[in-house]
C-alpha cells in the first residue's frame, strides 16, 4: 500500500504547487492524477496571472478589485492573503523559469484584464497556464526523489478513519485496472472544476467535479455551489474559450448592428468589466434580438496591431483558424457566453482545511472563498498557486509528528465492489452513460445558466434527480481491466450528478441576484438577507442547507458599477 | 450532417490476439473533428474504444494519433479534411486490406502514434519513449547561484523567442513522425531537443554550453536528426522541432563545439566550399567533413580516419562506373569556381551576411499580408499603464 | 525556363544533367542555364546562417528573373531549400535588407510573379501529363516503379505550395502511370533517404536507405525513381554500403526522374547515362526490352 505523509489528488497547478510546497517541508509526498499531469486543465488558462508587483500598484487595490468583482461575497481575509502573497509567488515562478513576457527594460511586463483598476496581469503570450504548469512539472521531474508521481491513477473514493478524519484514498491504476489503497496523514484535493455537467462548456472532458463529489460524500461542506461563471467569449457550439486577453489587448464586442454595446452596461470599463456583467450584457443583446442568427455577438480583434496579435495572442489565432475557420487578424469572430468556471466548491479555511480533519482542498475545487460570486480573469491561476502552497505547507505540518495513517482495507473492498457492480451490469439494463450525460449537460445549460428563475431551476433539479436514479442502472460496454475508460466515465457521471444537484439546490435557495447568480424573479442584490454563503452537506435525503458568514475586514459592500 | 467511416487500428491486450482493424460509421457535421467522430463511436457503439482526450481544443496534447498515416492531434483534424485526403491519396493500410468500407466509401484511417509501444487501441506508452527522452535533456532551469530579489532582467526578445519552444504541449506527434527515430530508436528526438532549446535560449540558464556540448557529442543527439521536416509538419502548435534542433546546431557552432559526429565540420566545410567555389565540390566536402584542413594540411579529428576509410569503397565504385572520372571530381579542391566575377560577388555576400546573421523567425513575426496592412496605432501605456476605456 | 541544374547534377550524378538536357529538348522545353548561379545551400548553409542562405538564393532568383523566364530546378533538395528562403523573403523589410547585398552585382529579387518549380511539378502542372503521355514513343509496358519523392518536396507542406496544389505528393505516382508504368506502393515512398546525415550518423543514414530499398524490393519493384540527386546518392551510390547495414542483398536500380521520362520517350539507357549508376540498371533494360505479359 503506497503510504505518504501528504497525498495530493489532482496534478494541475494547485496540485503540483501543493506537492512541491509539502516536499519542501521535508515530508514524503505522493501526487495522483487521472491523466498525465500536463494534461490537466490548467493548461487551458490562457490570459495571465494577477499580482500587484508594479511600483505604483498596491495589494489593497488588487484586493478591492477582487472583492468588488466577487460582488462582495468573497471572504476578505482570504482575499487579503492572496493579494498580499501574489507578488512573491510571481517572482518565485519567474525564478523557477517561467518565460513571462517582458517590457523594454527586460522586467516583467503586464497587460490589462477584466475588472482590474490597473494593469497587473503577467503573462506568457496567451499560454500562461500551460507555461506555468509545464515549469512546475519540470520541477516535479527534478524532485522526483521527493515527490512520487502516480500518473494515470483514477481516485474512486476517499478513505476515512474511525474518527471521521481523512486517512487516504482508493485509486484505480488506469493502465492495468488494479485498485490500490493509498494511506496518508493528510489528503489535498486539487481536482479542479465541474464544467462537464454543462454542455457546451469551455472545460475539458476531465472536468467532472470528482473532488467536489468525493469530499461531499466524505462529509465535507460545499459552499457557494450556485456561483457558476459563464465566460463572455466562447465559440458557439463547440464552447472553446477565447481568452480575455484579447479584450485586454483592446478587442471590441459588437452586436449585429455593429454597435459597441458595452457602453450601455459598463460605460467605464466597457469590454473589461467583470465577466458576469459582460456575459449578462451579451445575453441581453442576444435575447433582445440584436445578436446574430447563430445566437452570438462578435468579438473584433482586428483593431489590435498585427504584430501584437502574433506576439501575445497566438493561441487564439490558431483557435480561430482551426475551430472556427476565421482569421482573427482580418475579421471578427462570433462568440457567446459559455460555462467556464465554478466559484463554489469544497469549503475551506485560509489554510485549505475542510471541516473533515486531514482533508484539504485547493484550486478550483475549493471555495475559500476568494472569488465569491464572480471570479476576475487571471485570479484563478493565482488562487491555485497561493492556496496550493498554503495547503501543502499546512498539510505537511499536520503530517509531521503524526502516526502513520492506517486506512482500513474495508474501504478498498467497498470501492472494488462498487466498480465491479458497474462492470457487471448487463447491456441494455438501463441507459447508456453518454445519453444520461448529454441530457444532464443540456438541462444545466438551458436552465442553470446566465439568467435563471425558480421555475427553470426546479425543473432542472427534478431532471437531475431522475438522472441520478437512471445512473444507478446505466451500463457500459467495456469489461476489461486495461485502460478501461468506460467504467471511469460511469463513475464520473455520478460525480457530475452530485455537483449538479448541489448547484440546483443552492441556486433555488438563493432568492437574490449576486455575481454570477442572476434570478430574473429576484433581480436585485439583497445584502440585508443574502450577504452570506450557502453551505451544503450530504445527507441521504439530499443536500442539507446551512449558512456561513462572509468575512469582512476593510471593505464594506457597495453598489457594483463598471 | 454527413457520414464518415473511421477505420481504427485496435488492440486489446487481454484478448491475446494481435492488432486488428475495426470500422465505425459515424454521422457528424463535417466541420467537427476526428476526435468527435471517435467519441461518437465510443458513446454509441463501443465504449471500449480507448483514446486519450481531454480539452478537445488542441491545448492538452492528449489525443496524439496517426490519421491517414500523418501524425497529428485527433481534435484538430476535421472530418471533411481527413476524408478528402483519404480519398485523394493512396493510404496504405498496414496489413493490406481494402481501404473502402462495405458501402464503397473511402475510410479515414486512424492508428496509434508510431515509434512507441501500444497499450490499447489508440493509447500508446509515452512514458517509456517520449517522457524518458524529455528527462534525458535535464528539462529544468539551471540558474547560477541564488535568484535575485526581484525578477531576473532579460531581453524581452529572448522570452518571445523561446515561447516557440514553450508552446510545446508534449503531444508526441513529432516523436511519432520522426524518421530518424524509426531508424535509430535511441535518437533523443524532436520533442526533447526542442525542449532543450528552451533552456539553451533562456538567458537565465547557466548551463547552456554544457547542454550543447552534451547534445552535440551524443551520437544520438542533435546530429542524428535526418533533416526530413516530418516533425515540423506534424506539430500542431508551430513549435517546428527541427528548426529548434538546427538552432541548437547553430548555437553549438557559436560555442565552438567540435563534436565527434563531424556535424560541425560538415556544416563548416559546406559553407566554406560555397564561398570559395560557388557550387559544391563533393570530394572536398567529404574530406573536410572528416578532416578539415588547416593551411592546406590535413588535420584529422576524432573518427576522421575511420570516416574517410569508410567512404573509400564508394569512391572507388564511382570511379569504376564512370561517374567520377574527371579530375575536378576526384581530387578535392580542383573544382571550378563560378564564371567571371560571379565568385567575387558571392564572397561579398558572405562578408555581408556573416557580419549580421539575421535570423528571421516567422513564428514570431507572422507573415505579411498581400495587401497593405493598416497598422492600428499602438495603444499607449499598454505595458505599464492603465486599462483601456480611459479608466484610471 | 530559367534552369538551375544544382551542384550534384554536375558533380557526382552527371547522368542527371545529361538526361535532363536530352529530355527537355525532346519535349520542347527550352532551358536557359543559370551558369552564374550558386549552390542553394541544401539546408546546410541555412543551418549555419539563415541570412546567408537567403541572400545566396535571392541571388539565384534574381539571376533567373533577369532572363524573364520562370525558374526550374531538378532537385528536391534545391526546391525545399529555396522555398524555405522564398518564404522568409516575402517579408518586405527583410527583403530590402537582402537586396542591398545583391545591389553590387546589379541584382534585385522581386517576389512578384516569381516562380521556382522542380522538374516534376513543371511536367505535371505546366507541361501536362496527357501531353507527356502522347510523346511517349516507348511506354514503360507495366514496368513496376517505386516512387521516391525526397523529403524536401514533401514537407513542410505550408511552404511548398500544397494549399494551391494539395496533390503534389502524388505527382510521381501519376507520372509513372502516365508513362505506362505500374506504381509500386511501399512504405518508404515519402520517407527520408538519410542523405543529410551520411557523414554525421552513417549507420542511421544507410539504415534508412537500405530499409526503403528493401521494402520496395519486397513489394516487387523493378526500380525506384527519384527527382532528387542527393537521394540518388544515398540510394544508388551508397547502395552496397546500405546493403551491409541492413544485412541483405539489394541490387535495385534507382533512376533519376528525367531518365524514366527519357526511357518512355524512346531514348536508349546508355544515352541517359544509366551505365554510370552503381546499382546496375540491367534488369530495367531487360524488362523494357521484353515487357512481361500483364
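Structure notes:
Here the chain labels run A, B and C in written order, and each chain numbers its own residues starting at 1.
Keep in mind that, in the parts below, a contact is a pair of C-beta atoms (placed from the backbone, for glycine too) under 8 Å apart; a residue touches a chain by one contact, two chains touch by 3 or more.
Note that the structure is a prediction, hence the values are computed from the model and not measured.
Taken as a graph of touching chains, this assembly is arranged as a line, each chain contacting the next along an open chain of partners. Taking the mean of each chain's C-alpha atoms, the chain whose centre lies closest to the overall C-alpha mean is B.
Once the centre of each chain is set as its mean CA position, subunit B and subunit C turn out to be 22 Å apart.
Rounded to whole angstrom units, the spacing between the C-alpha centres of subunit A and subunit B is 35. The geometric centre of subunit A is 55 Å away from that of subunit C, both derived from CA atoms. Across the assembly, subunit B contributes 365 as residues in contact with two or more other chains.
The touching residues of subunit C, when paired with subunit B in their complex, are 7-8, 10-15, 35-36, 38-39, 41-52, 54-56, 59, 80, 87-88, 90-92, 94, 97, 100-102, 104-105, 151-152, 154-157, 166-167, 169-170, 173, 183, 185, 187, 191-192, 194, 196-197, 199-205, 207-208, 211, 237-238, 240-241, 275-278. Interface residues of subunit A, counted against subunit B in their complex, comprise 35-36, 38-41, 43-44, 54, 91, 94-97, 99-112, 116-119, 124-125, 127, 130-131, 134-135, 138-139, 141-142, 151, 175, 204-206, 238, 240-241, 249-250, 268-272, 303-311, 314-315, 318-319, 322-323, 325, 330, 432-434, 476-478, 480-486, 489. For subunit B in complex with subunit A, the touching residues are 12-14, 31, 42-44, 46-48, 50-62, 76, 119-121, 123, 126-127, 134-135, 139-141, 143, 147, 150-156, 159-160, 162-163, 166-167, 169-170, 198, 202, 204-205, 237-238, 364-366, 369, 373, 375-376, 378-379, 382-392. Contacts from subunit B toward subunit C in the complex involve residues 88-90, 92, 179-180, 182-184, 187, 219, 223-230, 232-233, 240, 246, 249-250, 253, 261-263, 265-268, 270-271, 274, 278-282, 286, 289-290, 307, 310, 313-314, 317-318, 321-324, 329, 335, 338-340, 342, 345-346, 348-350, 352-354, 356-360, 362, 365, 367-368.
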